[in-house]
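Shared between the two complexes below is subunit A, which has subunit B as its partner in the first and subunit C in the second.
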Partner chain A sequence: MNWQDHLPALLLAVPLFGAFLAPLTNIGGKGLRNAWFLLVSAAITVLAFLLWVRVGSSGPLVYVMGGQAWNLALPSGMSIPVRILMEVDAFSAFMVLLSSVAALAGAVFSVAYMERFSGMEKFVALYFLMVTGMFGMQVTGDFFNFFVFLEISSVASFGLVAFWRDRGEALEAAFKYMLVSTLGALMVLVAVAFLYSRYNVVNMAALGKVIEWGMVEKTALVLFMTALAMKCGSVPMHMWMPDAYAEAPAGVTCALVAVSQASLYGLFRVCFTIYGSFMGSPVIPWVIIVLGVLSMFIGVSMAVIQKEIGRLIAYHSVSQVGYMLLGFGVGLLAMGDAKAVADYGFTALKGGVFHIVNYTMYKGLLFLAAGALYYATGCRNLNDMGGLGRKLPKTMALFMIAAAAIAGLPPFNGFVSKLLIYESTFAVHPILSVFAMVTSVLTLASFVKIFQSAFLGPQLKKFADVKEVPGFMLGGMTILAVAILFLSLFPTWSLNHLVEPAAKALLDQASYIGAVFASAATGGGL
Partner chain B sequence: MIGNFPYLVVGILFVMGFVGIIFEKNLVKIAIAVSIVEAATNLFIITLGYRNGGSIPVWTMAGGGSSRMVLPTPQALTLTAIVIGLATTALMLSFVMIIYRHYGSLDVRDVRRLRG
Partner chain C sequence: MWSKVLTGFGYWDVYAWLSFFLVGGGMVCLIRSLGRTDYKEGTDQDEIFFGSNPVPEDGEDLKVPASSAYWGYTQALKPFYEGLVGLHTGMATDYVGWYILVTALVALLVLV
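Here is the complex of A and B:
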């Protein structure tokens, strides 16, 4: 019996345990609570890394909760899995790995950033609950649990967005986010009910095996897509995103970016693994592509005109999500046609997958850097800032790395994933890559604007006693900066070992489904 | 026809809640509308699992030798969904309370400091 067999369960149990013990550690004082916060965050990163290594070496991992054996998916001759299943394939493991890095960076940053505030034991508890929900969405093999984990991560993040409840704006943002999320989660539930009414299963692999293309399935797919596109911040339901991201404490926003990626994960799990090649028409891929293009363009054009640093960066999230939707949409369009996949589909998927990890890293770093500026100066408005490069040289250096990466300047990682997306979308229609490039130019313009107005210029008198931010905050930012530099300096390694397995797993519907049903033959060893 | 009646009710409730969320101006009424959508969803799942003349889905207690039972899974799903719904409603109402303290109004047209 190898303890690593239980990695999927541990991945959920450890943050859950961390959440419930957080208020108790607070009795031991601030030091103990912070140590617990860091310890559990580091532990889940290690677990996520081990899980990723294991899935990379031995293929999709199926884990059964509450059965006689962890790998007994089909007990006593059942033809469908009835227990609570978790299934981790290369794409899930990839998502888990990058979300855990973002969560770790957010946690390290928050230790210093949130020091001035009370109620931190609740903050830590909610933070870990949010992380549990996020991991749950990424490793579950069952639609109903997907809904439950979606709600866990959403409810915890409502609390975190509204953490500074002395600011009316934070409550307003949290309420907006809550309306969109709750409605989205209920749509997911209705979609699950539709599929259940037709096939009597809620297991993803079992559904993927039997699903056909009919009215009920179409309705369910539309509900899933609407709900999950709303949750990941695509246009036209993007308005919660700038509000929630800008009003949440910076460390939380860094993790929230990863949480919204979990919704994106759900969207692609549904489209690729459940419907996949059964999808009878190109309408759905084209809808995703059009949503992507609109998100890119509207997001970036709203960003250029913002004056508040948090909102500006948050509008860029909308446009960056557009890139991923575009990449995955083109990949979905090509799915089922071997020639199209080889020509451009697989490149588009690689671009989309690579962009997910790049986006999570540099966007997290940008939000943390914006939080550091707020911590040091107390301002949010770009017009009030200036000359901060003299006072905050380290923050400026870290911000520069992230800004160069998001603008897609070579040799940074954003350049690689954007190039893959340009290249592949050009094969579908040149206008798509034109939109993508214009968006990239406007992205660069708006980050030049932040950089110029916050860091450059003469030193202002009101910032005379501004000091560099504390070590923990720099530490949190450094984690993400190191990740960005690693992805930038070793693009070939990243593409071959990180991105390609995940993109292949998305296209490989049969092995995801097969992993559950194969365990009936091999598993069952007590 | 009469068998589809519950679905009709569910549909009407769902649309009512949805319209409420979009068109109501009062935050408390929006919270109520969300609860209505929740209730519609729960009713929908329960209705899916109902079998005409079925008994409770506990094998040892299904009296009268009847093997016809309602489906247990949707009931388990609904139970979970109700608990989650309770939590979100409670949190939503407490947000409404604090928003009222900050803005002195429950009208969505007044709660608009974040825009553009």
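Here is the complex of A and C:
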């Protein structure tokens, strides 16, 4: 037996182990705790990479927990899978890989960023719990476990957003986040209950095989869709996001970006894999498209007028999620029509998938750069900043890479995914591309505002003693900057190896469903 | 072909862009090299021109604050922004209200 067969289980076990052991490492002092933080973060990145390679070479991986054998999905002649089952296809593996990179960058950054604060053993434990929940959402093969992992990541996130509990704003942001997240998670649970009551299964592949387009299924889809759209920050359910992202410590916000992408993953898994071609109405794709356009435009419009750097970048998160919703919405609209898929649907999906990885990398870097500015100056308000380019040249250079990428300036990666989205959505209706392009212009305008306000201008006396941030913080930012540069310089490789397999997996409903039932046949021999 | 992305409608070539910036950078350097060479650091030539007024010592008195950025844009769109900002009340009950409203609307569209 190859140990890599157990990668899906290890991916959850290692961060969970890291979380529960974190308080104990504190006994060995700051050095041991930080070493543990970095070691576990690096280990999960390696595991995520190996899982991505494995799925890329041998197709979807099914892993059964608590059964007779790890690959026996249907024991003793059962017709439906009842065990805790994980299923990793190219889309899941892609999400896991980029989430692990964001989590690693956040961890490296936090080692220095959080040095001034006490309670770090709790911070590390919550951080790894959040990562466990995020990975769980991305690799689980059944809906009930999806709900459980959603709750794990959410509850850990509430604690991390409220980590600076001496700040009233942080507590308020965590409370609001908790309120809307809990409501959303409850709706996910109700949707799962609807499907379970109808089909007696919670396994995603089994549901995808038998689902029909009736009243119960429609209700469940509405509940899934709105709850997960709210969790990933879609307008007009986005208002928790600027509060939570701006108040959480910067390393956490970097990982929270990936956590919100896990909800987006859930939304697309439901729409494409479970309902997919059974969805007998264009209403849902159009709702996703409209939510995408609203998110893009409202998010960026609010960002332009912000003065607090964290809130400005957080509103951009709302706007960038809109691009992904638009791309996937158009892809979903084309699904079931081979000509539409070939003409524009697959291009839109590729754009959406590419934008997920681009967004996670540059948005993570932007939040870390905002954290670096706060660390160096103690300021969050752009009105109080100025002339910091001379004092923080490395931070400025890293910020510039992320800002140019998100604004879609050539030759950075941000434009590649946007180009795919512009061109494919134009085929559905030109107004969609117009909104996407106006959003891009306003994105550039708001990052010019940050750059001018924080880094340019005359040197301020109050910042005479400001020094460049510590190496670990620069290291965390550099991880993401290198990823951005790689995606920018090798867009074809990124599309062929990262993006296309993930986009194809989303369209290939039969392969996801077939993997579970095929593993029943092969696993029986073990 | 590591650099070219075909979109089905057009293409994106990162190395074409890099070549463009390289040529542009070369032209900037060329133009700069044609400039005057008699500039002397530390003399009057080095002074900041501040509308013939004395230059304030602290940069705080010189800088343009972030809230002044895009003043014309926000003024021109004042009604839009008043409405938009008004919707962002910061109240937790409103956050839940928006969620319920969207769920109800989508349910209406899908179920009816």
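Following the convention adopted for this analysis, the second predicted complex is superposed on the first by the 525 of 526 C-alpha atoms of A that agree within 3 Å, B and C clash if a C-alpha of one lies under 4 Å from a C-alpha of the other, contacts with A are read in each partner's own complex, and residues count from 1 in each chain.
The definition used in the following text is that a contact is a pair of C-beta atoms (placed from the backbone, for glycine too) under 8 Å apart; a residue touches a chain by one contact, two chains touch by 3 or more.
These numbers were taken from a predicted model, which means no experiment stands behind them.
Legend: residue contacts after superposition of the two complexes on their common chain; A:Ser488 is shown touching subunit C, with no touch to subunit B. Shared-chain residue A:Pro458: touches subunit C; no touch with subunit B. By the document's definition of touching, neither partner reaches A:Gly66: not subunit B, not subunit C. Of the two partner chains placed by the overlay, subunit B and subunit C both lie in contact with A:Leu183.
Touch criterion met: A:Glu423 reaches subunit C, while subunit B stays clear of it. Within the superposed three-chain arrangement, the count of touched residues of subunit A is higher for C, of the candidates subunit B and subunit C.
Once the two complexes are overlaid on the shared chain, A:Gly31 sits clear of subunit B and of subunit C alike.
By the document's definition of touching, of the two partners only subunit C reaches A:Ser301; subunit B does not.
Shared-chain residue A:Phe175: touches subunit B and subunit C both.
Once chain A of one complex is fitted onto chain A of the other, the partner contacts of A:Ser197 are limited to subunit B, with no touch recorded for subunit C.
Once the two complexes are overlaid on chain A, the subunit A residues touched by subunit B in the first and by subunit C in the second are 175-176, 179, 183, 243, 302, 305. Within the complex formed with subunit A, the residues of subunit C that make contact are 1-5, 7-10, 12, 14, 17-18, 20-21, 57-60, 62-67, 69-70, 73-74, 80-81, 84-85, 87-88, 90, 92, 94-96, 98-99, 101-103, 106-107, 109-111. Per the touch definition, subunit B reaches subunit A in the complex via residues 14, 21, 27, 30, 34, 37-38, 41, 44-45, 48, 71, 73-74, 77, 80-81, 84, 87-88, 91-92, 95-96, 98-99, 102-103, 111-114, 116. Interface of subunit A with subunit B (complex): residues 144, 147-148, 151, 155, 158-159, 162, 165, 167-169, 171-176, 178-179, 182-183, 185-186, 189-190, 192-193, 196-197, 200, 202, 242-243, 246-247, 302, 305-306. Touching subunit C in their complex are the following residues of subunit A: 175-176, 179-180, 183-184, 187, 215, 218-219, 221-223, 225-226, 229-230, 236-237, 239-240, 243, 281, 283-284, 287, 298, 301-302, 304-305, 307, 343-344, 347, 381-383, 385-387, 410-411, 415-416, 419-420, 423-424, 426, 445, 449-450, 452-453, 457-462, 488-493, 495.
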